[in-house]
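Below is one structure, written out as structure tokens; the observations come after it.
Chains here go by letter, A, B, C and D, matching the order in which they are written, and residues are numbered from 1 within each.
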Amino acid sequence: MNEQLTILLVVVPLMIAPITALFKSHTISWILTAIVSLTSLILSFIILFDVIDGSHVIYELGGWRPPWGIEYKIDSLNAFIALIVSAIACLSTIFAWQSVPKEINENNYGLFYAALQLCLLGLLGIALTGDIFNLFVFLEISSLSSYALISMGRSRKALTAAFSYLILGTIGATFFLIGVGFLYAASGSLNIADIATRFSTFADMQLVMTGFIFILLGLGLKAAIFPMHSWLPNAYGHAPSVVSIFLSATATKVSIYVLIRVLFDLYPVAYWQALLLPQILLVLGCVGVIYGSFRAWQQVELKRLLAFSSVAQIGYIIIGISLLNNDGITASVMHLFNHALIKATLFMGAGIILYRTNTTKLSELRGFGGSMPWTFAAIVLAGLSLIGVPGTVGFVTKWYLLSGAIAQGKWIVVVAILAGSVLAIAYVWKIVEAMYFNSKRKMVIQNVKIGDINLAKAPFSLSLALWIGAAGCLYFGLYTELPYQSAQSIATALLSSEVAP
Amino acid sequence: MSLMLNLVLLVFLLVMAIAVLKTKHLFAMAMLFGLYSLLVAGLFVVLDAPDVAFTEAAVGTGISTVLMLVTLASIKDGHEAVSTTQRKIGPLIICLVMGGLLIFGTHDIAKLGEIHSPPNDQVAAHYITQGQAETGVPNLVTAVLASYRGFDTLGEVTVVLTAGIGVLLLLGQRRKIHVKKRGQAHDDQ
Amino acid sequence: MMINDLILRVVTKWLSPIIILFALYVQFHGDYSPGGGFQAGVIFSTAILLYALTYGLDAALKVIPETALRVAASFGVLLYGGVGVVSMLLGGNFLNYSVLADTPLAGQHIGIIVIELGVGITVAAVMILLFFTFSRRVDPE
Amino acid sequence: MIEYILGHINYWFIIAVMMVGLYTLISRTNLIKKLAGLAIFQTAVILFYVSLGKVTGGTVPIVDEAYTLYSNPLPQVLMLTAIVVGVATTALGFALVIRIKEAYNTIEEDAIFTLDQKDHE
């Protein structure tokens, strides 16, 4: 494979986004976005197939050797994350075709799509880079564009949600920056591989430990790990549909990816085992699962319900990391993929509901299932995946997670997963009940003039995107090869460094 | 000598930061904030970082303060409300813990100005000895910024563009109605 | 936002070109002295800011229309990225300026000047754009 | 002991400024005040980085035959980027504040919270 392809993954959105910003036409900006996300998808597929055997591609930016220059060192984990991000970007782009004209001011189409591409660029940049300061720069690109994107939601609450995300996100990023600074003060380097190889020479400095804690706090805020999740429900609950779909499926995942990188590649595993971090993560993960599921069950509004369920799903991923065995890591990495797929599908369902009825309040959705059986079916399918019913993607993750926990004799995890699943049944049932079984009266279309043809049925592109997502939930539940192989290769690579039994 | 100057400026800086915290008048706060940035720029000069000082002076005292003033002019609300429910204890504890942690961390940091500290000996040493020979630029900050870490700078320019796009998305449209009444700006406009 | 003060107007008229000249110096002399694209961009924008503050937003918009600013903001990033793409086409890695000319040092020289220009253009354009967009929200009273 | 204090006191002061910024950011309810706190917090972090590169007796990192000892250019480069990121964040924050003021007619966080609660009922 030509290694120049790796950098193209970042260069394509970088060169097309500024052009997109200049257009006002929806068609042109959409086509440009479609080109960007499609090329990203193809490129990340090519790269993933190249590195899935455990090899890696090295790309020196500017031709400078690391650690003096910035390098990309791409292994299966990088490529897998890039694949998740660009696949979701493709789904969101399909969905955007008919939902953006309805939700965004017509003068802003070009700017909106440009911001979306910049967000994609930032996330891809984080996923590929091997330089920890470069990672910060791309983190900020993706964060700044997501603050702007979230504030485009139609309720005024979107503005306050974006503002509090801006505050907490910037605190997170600055904590990360402090951590990097402390690590730099001890190591004198910013290259992840370089720091890792020389780690033993400065391992016992207090600088290194403080740096570690601040990096973790920063990433925890960005990844919305319980109890630092407070920005997430509002941000994803009030954002425009496309933004909710894209960000809920990718933004927190990419932060978790950085966390995995820091824990397994930057700092030696033994270092944070000594700090009791696996136990702390385990408890946070379990509490997060139960708390997130419980709050989701309490919600009366569909998008907020889904957002709280994300908090719970992040908990599962954290549990998997904390188990520190092959099954646990495999489960976590696969769940990054599976949850992205499930949550994108569910948010697309919510987007279609919003498109047609102008509301996502569960109490106002009575009878919806009857009038839109296909959309309803897709939502139910994704909901079943969320619960973890056999045959869907969610089941695969929970299976590996359970077997990893049982192998270590961590029964608290088993209890947490079972409780989380029961609560998941409860909140998915809540959606089903609200939409289907209360169908005594006909669906009410809120605030729309009678006879508006556009709203009579779900537009084609929206349904298409939804069904691609739903089919994915089923397909990858039955044929797990692609995510499983990647996750296996990743887990082996991550654990091949030193793990104390 | 430069250490003393550094200390004096830092004391002023701390005073200024506390003044920003305490003042209730937001226009005064904007001015204090400008002064704070100017002091920081001065500190950068003492720390032999004229490029950073230049930028901080132009951005902190210039652009940021002007934007703050324009925002204040636009929202016509010059005072911070005296809040009854102001949270004080929680934030104080967080800050003390974080500050304590940072001071704990700086225990084994190389002392200020140490010639052979890890940050100066590892990667940076290469820039100083080879920088001009490899890039042909005597200003090593420019050499690292534009060439060795040119990709970071590309990212930085993209951040600027992103901020521009974001602000245009938020404020690009002319306002429809001047002052919205509370009820009008409701969820479902 | 117009200010009717003769002294201020005359001073601004004289000061703006000098600030712009200084910005250009900082832009192109950044290899040898402190400064570079970013600083130059900000300084350039302050010249326009000063003009807008004394002569009013509309007068400033006549000097630099908003469309031009938007194009310039995008153009700077494209220029920077373009240098990277060109170096890829010439067989080097992304942003490897050494392949841009016959000798690596000459290539580095060209590359650094062009990307600094890109930085300067984008920063100046975005800063002016920010100021214009914000100050349009201030009610003329 | 005195040497230890002299070597570290700068960092302690920087940390103190940092924490004043953080405190302003999380304890105040006024949105503009919060953003000012955020800017102070970030600037202090920038100061911390630049301090790392200071070399006693060194000069500005511009190569000249008259000097042999230079300050470390790397933290300075990183912080140029960080300053830009900081101003980009504050600008976006101010834009949001203007929009929030238009939508809620207040920029106090607790007042906004009360208005949002009312919407729910």
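The rule we apply is simple: a contact is a pair of C-beta atoms (placed from the backbone, for glycine too) under 8 Å apart; a residue touches a chain by one contact, two chains touch by 3 or more.
Computed from a predicted structure; not experimentally measured.
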(request) State which chains count as neighbours of chain B and simultaneously of chain C. (result) A, D
(request) State the pair with the higher C-beta contact count; candidates are B-D and C-D. (result) B-D
(request) Name the chain whose C-alpha centroid is farthest from the C-alpha centroid of chain A. (result) C
(message) With centres defined as the mean C-alpha position, give me the chain B-chain D separation in Å.
(response) 4
(request) Would you kindly tell me how far, in whole Å, the mean C-alpha position of chain D lies from that of chain C? (result) 25
(request) Provide the C-alpha centroid distance between chain A and chain D, rounded to the nearest whole angstrom. (result) 28
(request) Pull out every residue in chain C that's touching 2 or more other chains. (result) 32-34, 38, 70, 73-74, 77, 81, 84, 94-95, 97, 123, 130, 133-134, 137
(request) Check each residue of chain B and list the ones that touch at least two other chains. (result) 50-51, 55, 59, 63, 67, 70-71, 74, 102, 106-107, 109-110, 117, 119-120, 123-124, 127, 138-139, 141, 143, 145, 147, 149-156, 158-163, 166-168, 170-172, 175, 185-187
(message) Could you pull out the residues of chain D that touch at least 2 other chains?
(response) 22, 52, 60, 62, 75, 78, 80-81, 84-85, 88-89, 91-92, 94-99, 103-104, 119
(request) Determine the shape of the graph in which chains are vertices and touching pairs are edges (line, ring, star, complete, other). (result) complete
(message) Taking the touch rule as given, give the residues of chain D at its contact with chain A in the complex, in rising order.
(response) 22, 25, 31, 34, 38, 41-42, 45, 48-49, 52, 75, 78, 81-82, 85, 88-89, 92-93, 96-97, 99-100, 103-104, 112, 116, 119
(message) Which residues of chain A touch chain C once you look at their complex with the stated criterion?
(response) 4, 7, 11, 14-15, 18-19, 21-22, 59-63
(message) Help me check something: in the complex, which residues belonging to chain A touch chain D?
(response) 133, 137, 140, 144, 147-148, 151, 156-157, 159-160, 162-163, 166-167, 170-171, 174, 177-178, 181, 184-185, 190
(request) Would you mind writing out the residues of chain A in touch with chain B in their complex? (result) 14, 17-18, 21, 61-62, 64, 67-70, 105, 107-108, 111-112, 114-115, 118, 121, 125, 133-134, 137-138, 140-141, 144-145, 147-148, 151-152, 154-157, 178, 182, 184-191, 194, 202, 205-207, 209-211, 213-214, 358-359, 446-447
(request) Would you pull the chain D residues touching chain B in the complex into a rising list? (result) 3-4, 6-24, 26-30, 32-33, 35-37, 39-40, 43-44, 46-47, 50-64, 69-81, 83-92, 94-99, 101-108, 110-111, 115, 119
